[in-house]
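Both complexes below contain chain A, partnered by chain B and then by chain C.
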Partner chain A sequence: MNRWFAVSACGEVPHGAVAHTQLLGQELVLWRSASGALNAWENRCPHRGVRLTLGDCVGEELRCQYHAWRFATGSGHCTHIPAHPGQKPASNIRARVYPVFEDGAFIWVNLAHDAVPPNAAAAPPGLALRSIFTRAPVAAVTGQLLHGYADHAVCLVDEFTLDVAPAAHRSVRFMLQPVTGEQCILHAHLHGEVTALERLSVLKVHNALMSAVRDRAEAARA
Partner chain B sequence: MIRLYDYELSGNCYKVRLLLHLLGVAFTARTMDFHPGREHKSEWFLKLNPLGQLPVIDDDGLVLRDAQAILVYLASRYDASGHWYPRHDAVALGEISQWLGFADALTATAGAARLHDTMFMDADIRKCRAGAHGLLRILDEHLWFAEQAGRPWLCSADHPTIADLACFPYVMLSEEGGISRLPYPAIRRWGERIKHLPGFTPMSGIFPAAAVRSPAGSPPTPG
Partner chain C sequence: MNPSQPESVLWDDWHPVGELAQLQRTRILHTMLLGVPLTLVLAADGTIRASGTGSLCHGPLQHVDIRYGLVWLCLGTPGRDIVDFPEAREADRIVCTGGSVGVAVSGLRAVENFLDLGHLAFVHAGYLGEEPHTQIHAYKVEPLADGGILATGCRVYQPHPSPMDSEGFDVDYIYAVRRPYIVELFKANPVEKERMDMIALLVQPVTEERCVAHILMAYPPHNVDVGSLRWFQQLIFGQDRPILENQIPKRLPLDPRAEVSVRADNSSAHYRRWLASVGVRYGTVPAGAT
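Now for the complex of A and B:
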């Protein structure tokens, strides 16, 4: 599917971090190099198939936990094989790399290998809310959201995107990440100014509201 | 010297070894044949611990069972900094006790699922996994909001406590019991912070962090 999906808030993957996610059944390792370069790769070492999320970021490379092969940020090319330290690894040894970009608030991934990140993709000013993992499909969550969010009407933008305006000066955009056919992650971005003083309470209010959406979607599936 | 009745693959024994390493306290280990030998149910061991559970320590004649109780004792006795178990701080003690109870619940769910899958223990595996996911969901939410408040650890102190060590093993071993941690990104970051503590020691199934220090464990920037 050639479509960009939000898979994480940017702040969830700090410099040097390795994160684990899944999109449309495809397991991904999201990792950010020491200098800040972001990568979304198939979660599988091309050597023995071990999950790369078991490994570590070492500078500008991701190191597999199993045999310590290292792969370069950006290209995914193997840079070092400890068992053959004097040899340059063959150029076809390479992690499978997916197109990725960030808009200042969220990390977006496209599973189509030739996808090109959109130009001028800056998110409006706002606050990334806590993402909510849900053991129910996308349709179950959108179905719950369309019943209303804190008594405010929610409108469907497309199959994976919804908007709500819970206050005159604020709106929330929901972005659904299909994990598998049976699970999804509800991401949300609150648009509008939030003062440092009210920040934590705003995050808590929306976390409670979105968790309730999750609980209803999961209960409807049970 | 402290003598630890130890099983290398036990998360509850590991948390005791981990604290001893972090404190730099020397100990000897009496390795037990937990599986398949069931040495922890042997006549001689039941005299030491009638509950027939590991770990047990013998510190110069003081015999203690229960991993959480052992952490309390070792930190109170051997941690000169007073950080791991701040015994004059009422808030810290309350918070720590709360998470020590949580650690026992993790053992009963995630730990039991792992024993079921790896050592053929009888268990209601669906119930164990569902229970573990319920706990991990609570833990992830707690840790996410702790990060947002600038707090990297389970309790509100600005340093780790035995609460972090008590919960760490069976969280990090959950996948050996068929419990994916993919839904819990804040738990992953907390685990990385623990792996970067000076003196950290791994166990089978819990990998050390890369030798090159990366700031993976730092809380995310707000926004």
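Now for the complex of A and C:
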């Protein structure tokens, strides 16, 4: 599917971090090099299939836990095979790389290999809310959201995106990540200024509201 | 879906299904072999009654035996005897099992990992290898006369090669894959130059994506005790297990293009080709399936 999906808030993958996620059944490793370059790869070493999320970031490379093969940020090319330290790895040895970009608030991934990141405008200032994992498909969550969110009307932007009509000076954008056909993650970005003093209470309020959406979507499936 | 019977090379052969010592404690053991749920009962006269449930195999099973401290079972008609381990029959050796560990992966992946030299410096760092001794020199792999493969000339620097050795040295390894799910490792013994330590990995294929790994050891009797041997093997296998359970796919791919191999993977490449040549499909992703 040639489409961009939000898979994580940018702050969840700091420099040197290795994180796991899944999109449309495909397991991904999200990792950021020491210099800050972001990568979204198939979560599988091309050598013996071990999940790369077991590995760690070493400078500008991701190192597999099993045989310590190293793969370069950006291209995914294997740069070092410790069993044959004097030899340059064959150029066809590489991790499977997916297109990725970030808009300042969220990380976006496209499973179509030839997809080119859009020249999208940066996300408006705001606050990434806590992402909520849900054991229900995307349609079940959007169905619940369309009943309203804290008594505010919600409108469907597209199959995976919803907006809460602005309340006072703030609005919320929901972005749904289909994990598998039966699971999804509800991401949300609150647009507008949030002071340091009110940040925690805002996060708590939305965490409760979004968790209730999850509970209703899961109950509707049961 | 009705499961089909696995191929004869596995169905009509003997497999380990448990440790005798465990059965002696519990008298009854529920387990599974090649998808067939099994019940083993130790009778008062020391014999074992085995029965299967399920569509492939239902009722009492004839072919059950005890050897090397393990209970062995054949679901079909045995085409050959239980694998022979001559070292385990030498009177002066310390012979013991090393414990049985369930692993959520194809047993063929577990055998391949046992054959693997390149991971020793990383997964078993400080014991069976360590940086910067990561290079794997060329070694020889050839067919065994009665089936299986033999890898010789493997040499790796090991800082702590066994529970008895606290100093590192270059250790010579020989591997013999005797059955699709059974592999032996011979390691140079630090005291006796002519005899080697024998460690066998005997894998019980539970389903295509689950196994129980059993260990059998036979060591020349120098500064060895059973408790240390078992402790050491369980430590080592405990380091392998999280790797094994994170391999995708869980079944072993036989298509050489499915996973990249380098020279250090000589044993693995031969093992996969041999499995394909003798018609093993259970626990594999057959070539051409993807």
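The definition used in the following text is that the second predicted complex is superposed on the first by the 219 of 222 C-alpha atoms of A that agree within 3 Å, B and C clash if a C-alpha of one lies under 4 Å from a C-alpha of the other, contacts with A are read in each partner's own complex, and residues count from 1 in each chain.
The working rule: a residue touches a chain if its C-beta (ideal position, glycine included) is under 8 Å from a C-beta of that chain, and two chains touch if they have at least 3 such contacts.
Worth saying up front: this structure is predicted, and the values here are computed from it rather than measured.
S.K.: Which holds for A:H47: it touches chain B only (first), chain C only (second), both, or neither?
M.R.: After superposition on chain A, A:H47 lies in contact with chain C alone.
S.K.: Report for A:Q65: first if it touches chain B alone, second if chain C alone, otherwise both or neither.
M.R.: Once the two structures are laid over each other on A, A:Q65 reaches both partners.
S.K.: Using the superposition on chain A described above, determine whether A:G76 touches chain B (first), chain C (second), both, or neither.
M.R.: neither
S.K.: Residues of chain A touched: more by chain B or chain C?
M.R.: Answer, by number of touched residues of chain A: B.
S.K.: So, A:P137: does it touch chain B (first), chain C (second), both, or neither?
M.R.: Neither: A:P137 stays clear of chain B and chain C.
S.K.: Touching A:P178, do we find chain B (first), chain C (second), both, or neither?
M.R.: In the superposition, A:P178 touches no partner, neither chain B nor chain C.
S.K.: Answer with first, second, both or neither: which of chain B and chain C does A:P85 touch in the superposed model?
M.R.: Touch status of A:P85: second partner only.
S.K.: A:I93 contacts which: chain B (first), chain C (second), both, neither?
M.R.: In the superposition, A:I93 touches chain C alone.
S.K.: Of the two partner chains, chain B (first) and chain C (second), which one does A:A34 touch, if any: first, second, both, or neither?
M.R.: In the superposed model, A:A34 contacts chain B only, not chain C.
S.K.: Just to be sure I follow: which residues of chain A are touched by chain B in one complex and then by chain C in the other one?
M.R.: In the superposed arrangement, which is not itself an observed complex, chain A uses residues 27, 54, 65 for both chain B and chain C.
S.K.: Can you list the residues on chain A that touch chain B in the complex?
M.R.: Going by the criterion above, the answer is residues 8-22, 27, 34, 54, 56-59, 63, 65, 105, 127-128, 130-131, 133, 179, 183, 185, 199-200, 203-204, 207, 211.
S.K.: Show me the residue ranges of chain A that touch chain C in the complex, using the header's touch definition.
M.R.: Those in contact with chain C are residues 27, 43-44, 46-51, 54, 65-68, 81-86, 89, 92-93.
S.K.: Which part of chain C faces chain A closely enough to touch in the complex?
M.R.: Per the stated touch rule, the residues are 112, 117-119, 121-123, 131, 134-136, 242-243, 246-249, 253, 259-264.
S.K.: Considering only the defined contacts, which chain B positions touch chain A in the complex?
M.R.: Where chain B meets chain A, its residues are 137, 141, 144-145, 148-149, 181-185, 188-189, 192, 207, 209-210, 212, 214-216, 218-223.
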